[in-house]
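Letters A, B, C and D name the chains as they come in the text, with residue numbers starting at 1 for each one.
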Amino acid sequence: MLLKSKTSITSLFILLIWFPSAAALSVKDQYQQYSEVKTALDELVLANHILYDQGALDGYGHISVRNPSNPQTFFIARSVAPSVVKLDDILEVDMGGKVLNDDKRTAYGERFIHSGILNANPTINSVIHGHAASTLPFGVTGTTLKPIYHMSAFLGEGAPIFEIRDFAKPSPDTDMFVSNPDLGAGLAKVMGNGNFVLMRGHGYAASAENIRKAVFRAIYAVQNASIQAEAMKMGKTQYLTLKEAEISKATIEKTINRPWELWSERVRNQK
Amino acid sequence: MLLKSKTSITSLFILLIWFPSAAALSVKDQYQQYSEVKTALDELVLANHILYDQGALDGYGHISVRNPSNPQTFFIARSVAPSVVKLDDILEVDMGGKVLNDDKRTAYGERFIHSGILNANPTINSVIHGHAASTLPFGVTGTTLKPIYHMSAFLGEGAPIFEIRDFAKPSPDTDMFVSNPDLGAGLAKVMGNGNFVLMRGHGYAASAENIRKAVFRAIYAVQNASIQAEAMKMGKTQYLTLKEAEISKATIEKTINRPWELWSERVRNQK
Amino acid sequence: MLLKSKTSITSLFILLIWFPSAAALSVKDQYQQYSEVKTALDELVLANHILYDQGALDGYGHISVRNPSNPQTFFIARSVAPSVVKLDDILEVDMGGKVLNDDKRTAYGERFIHSGILNANPTINSVIHGHAASTLPFGVTGTTLKPIYHMSAFLGEGAPIFEIRDFAKPSPDTDMFVSNPDLGAGLAKVMGNGNFVLMRGHGYAASAENIRKAVFRAIYAVQNASIQAEAMKMGKTQYLTLKEAEISKATIEKTINRPWELWSERVRNQK
Amino acid sequence: MLLKSKTSITSLFILLIWFPSAAALSVKDQYQQYSEVKTALDELVLANHILYDQGALDGYGHISVRNPSNPQTFFIARSVAPSVVKLDDILEVDMGGKVLNDDKRTAYGERFIHSGILNANPTINSVIHGHAASTLPFGVTGTTLKPIYHMSAFLGEGAPIFEIRDFAKPSPDTDMFVSNPDLGAGLAKVMGNGNFVLMRGHGYAASAENIRKAVFRAIYAVQNASIQAEAMKMGKTQYLTLKEAEISKATIEKTINRPWELWSERVRNQK
């Protein structure tokens, strides 16, 4: 968020001449020249491995991070499985879902999930999309995913469900992929101000203002889904009240470095 | 599929003199002389390990591949657990389920699942049979396994269930094994043009035009079964529409090398 | 079963002078002097590790094997967790549950499960007792565990449930342990000619004519329990018919060396 | 429990002059000077790793032990994930939840769970708090967790449920954390003479007279929760009678070193 306070005419002028050159820099060059890009990309690679190890992603799924040097682009791996992502696999993509830097490698067909959400909400800087098994039954049965406990308090009054048929054109029958800017914008609209959305017959998307928080939310939303499914079989369930969710979220999300340290250690030990 | 276009009299003549000599070659000789056989067998061994690691097979179960040099035979391991299969364990079997090359080692008693399906459908080149826990409840309760999400779109309008009692002779009571050509043909008939069949009180069979796709389908059918079972407990379930399944299948099955890379890396790291 | 055919007066005479000396031999001495004891004990240690790795036992539970040199005694570990059992931990116990060879180390309090079953049925040579989670709900709800598939065909018409209150004296309230010869005899009686019995509020016992088959049965009964529980939630379940169970059992139990090889390799690789 | 019998005037006098100096000793100094502190802290670190490995804790949760040299303080890790706790992470805390020895590192916000329970019950010397998934559905649906089998006999007539709304002031809406002495005292009151309490929308707390027994109870309560949830779906469940629970608890809790040995070996092998 280097640019956040540069709102004067002067800074806008600087931006105008600086942006094109930044866009001209390869991901590797940005990694070497900007320390905040280096930090973000190292964390992005690690987050890919953590999300697989913790069961929030499997052989598919992806995580993105907004470019800290340029809010109009984001970084995301080329089309490989999350657990094998390396620094060299990272692409830079713009808010229309276009891969930049003349990079010809195959991109995820669903990068529009990321461009859609990042474009719609400037406070969001990281997006995750996956197919974790526990989340699927909610989407296909129209059941609202709600916060069972403080760990997933960010679910608030419950996650909305994205029905791709409501946005697909010309036919409502699709390959279920958010594969163009319009579908990405539709998904972002359904997600609204929340940070989690279920995708019917497909999976979920999670978001946050930084990578660690997005990872935390994806992992605990997946766990919440398993627990809620069991609770619903057992009887009438008391979810967090809206007020409890709001207060809990503030407390618990101050502590996310605690599991992050453990999750990082686990994947490092697997090397 | 070397022989696919050789339909002229000349090629038939070549076949007639070439087949016996090919049949006379041991699996090892074919591996050394035909690069496409080498590729297929290396992948077959790896697929055995992957299917175990991903929970689609356990101490039992098997995968076959049609001989790329001779569509009338296929390769499959001798009777050992999938996770310990080595190149040296591979047998060559004909479409009647007869082990070739004078190989006296014990073959899987259920190789007729493979000969039955490969014989009935010339576009299928790889078959998998296993007992994964999540698939069993469907077969024994007569519940149709349907595509919950795009990953298992190939399930289409739902997998048929093979009831061995309908094909067993003289008595409908059997050891539940597809242990002769007639039962293999019956299973293939129930499977029809689909690529997945549940076997009541036994397990499942999956098929595809190549090893990687068959592996992909087995793994995601097993996961679909778990997810569908949970969804059915939660409420009325929206499966992929037939049209969604058809379109999704085309898209997702172009990407199967992505998880394959990860799955391969996992089993290689376990060595 | 060295002694099986020795029924002449001469052999009886030999037995009379040989037995005491055999009983006088320590487990270690028998291991060194009798090759069939060596084989049995090596397999017993391995079986302990396999049963833990495959989830049929946890930090508790045990497996025994009848002494191949003396049908009136059996071998079982001293009171340690199955996964850490070493050769040196093996005790010899008689059919009354008495530890032999003047061995003062702590024995399992539930060795009477083993003595009870081995004593009641001379064709049984190995017994397993554990608390695997999937088996518990059946015992506490009075639900019959039945064969879902050929792998657990040995369950036949269903496993009986041992209610310790029916056998405990003077009060029906106990510590739930089969901790004396009477309770062991009661358990064996409920088990009858079957090879699996559920113990209400406690766990299960499995048996077979040899270690490998007992291990096979324990592992697949535990899996059958999970699958059956899911099937019962899904709808009316078709179990194996009695005839199917009988025929399947004969076929599948000829193949138990196949998973045994894999299970052994797994625990060896963990060393 | 060095001080247990020191009830004479003399010992009280000794205490008065000894306590301040003990309190003045850093955790490290106490570790080096008092062998019972060394034993307790080594076991505390190991217990943290075991609880994670056995699924009773995840990236969150904690275990405490009363100071064997001073019953008015206890030891607990600073705010890090259980699986990465090292000796150097241990803090000393008093019965008001105040961190001693001028240690400025971040403490767990929920240390009041520990101070509350340890303060209310002088026979309790170790407390565990976690969020294990299987326990959550009970708390949020008001379902009583009861002993399914002898392993969790300590659950007795069933675990009470702590509703934080009943104790929170001024508003019943909180962040769900037991974050002050009053809430800790409330939790201890609900727990009463039992050794397990469910916390609605949060997790559980377990206690015992020593670390190993607390670990044993947490692990088997978590397993009991899974088993009971399955049993309740299957039919009317026979729990241990109160008398059975009482007798079973006495027997089984004499054997807790058996799984402890295995659990220790597992985490040591992961190093």
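List of remarks:
The definition used in the following text is that a contact is a pair of C-beta atoms (placed from the backbone, for glycine too) under 8 Å apart; a residue touches a chain by one contact, two chains touch by 3 or more.
Model, not experiment: these values are computed from the prediction.
Interface residue usage between chain B and chain C, two copies of one sequence, is largely distinct: under half of the residue numbers at the contact are used by both copies.
Ranked by distance of CA centroids from chain D, the top chain is B. Chain D is reached from chain A by a rotation of 90°, derived from superposing Cα atoms (nearest 5). Rounded to a whole number, the gap between the C-alpha centres of chain A and chain B is 36 angstrom. Note on chain placement: the centre of chain A and the centre of chain C lie 51 Å apart, centres being C-alpha means. Residue positions of chain C touching 2 or more other chains: 233. Interchain contacts (touch definition given at top) occur between A-B, A-D, B-C, C-D.
By the touch rule above, chain B contacts chain C in their complex via residues 58-60, 79-81, 83-84, 109, 131, 133-134, 136-138, 140-143, 171, 173-177, 200-203, 229, 232-233. Residues 147-151, 153, 223, 226-227, 230-231, 233-241, 243-244, 247-248, 250-252, 255, 258-259, 261-263, 265 of chain D are the ones touching chain C in the complex.
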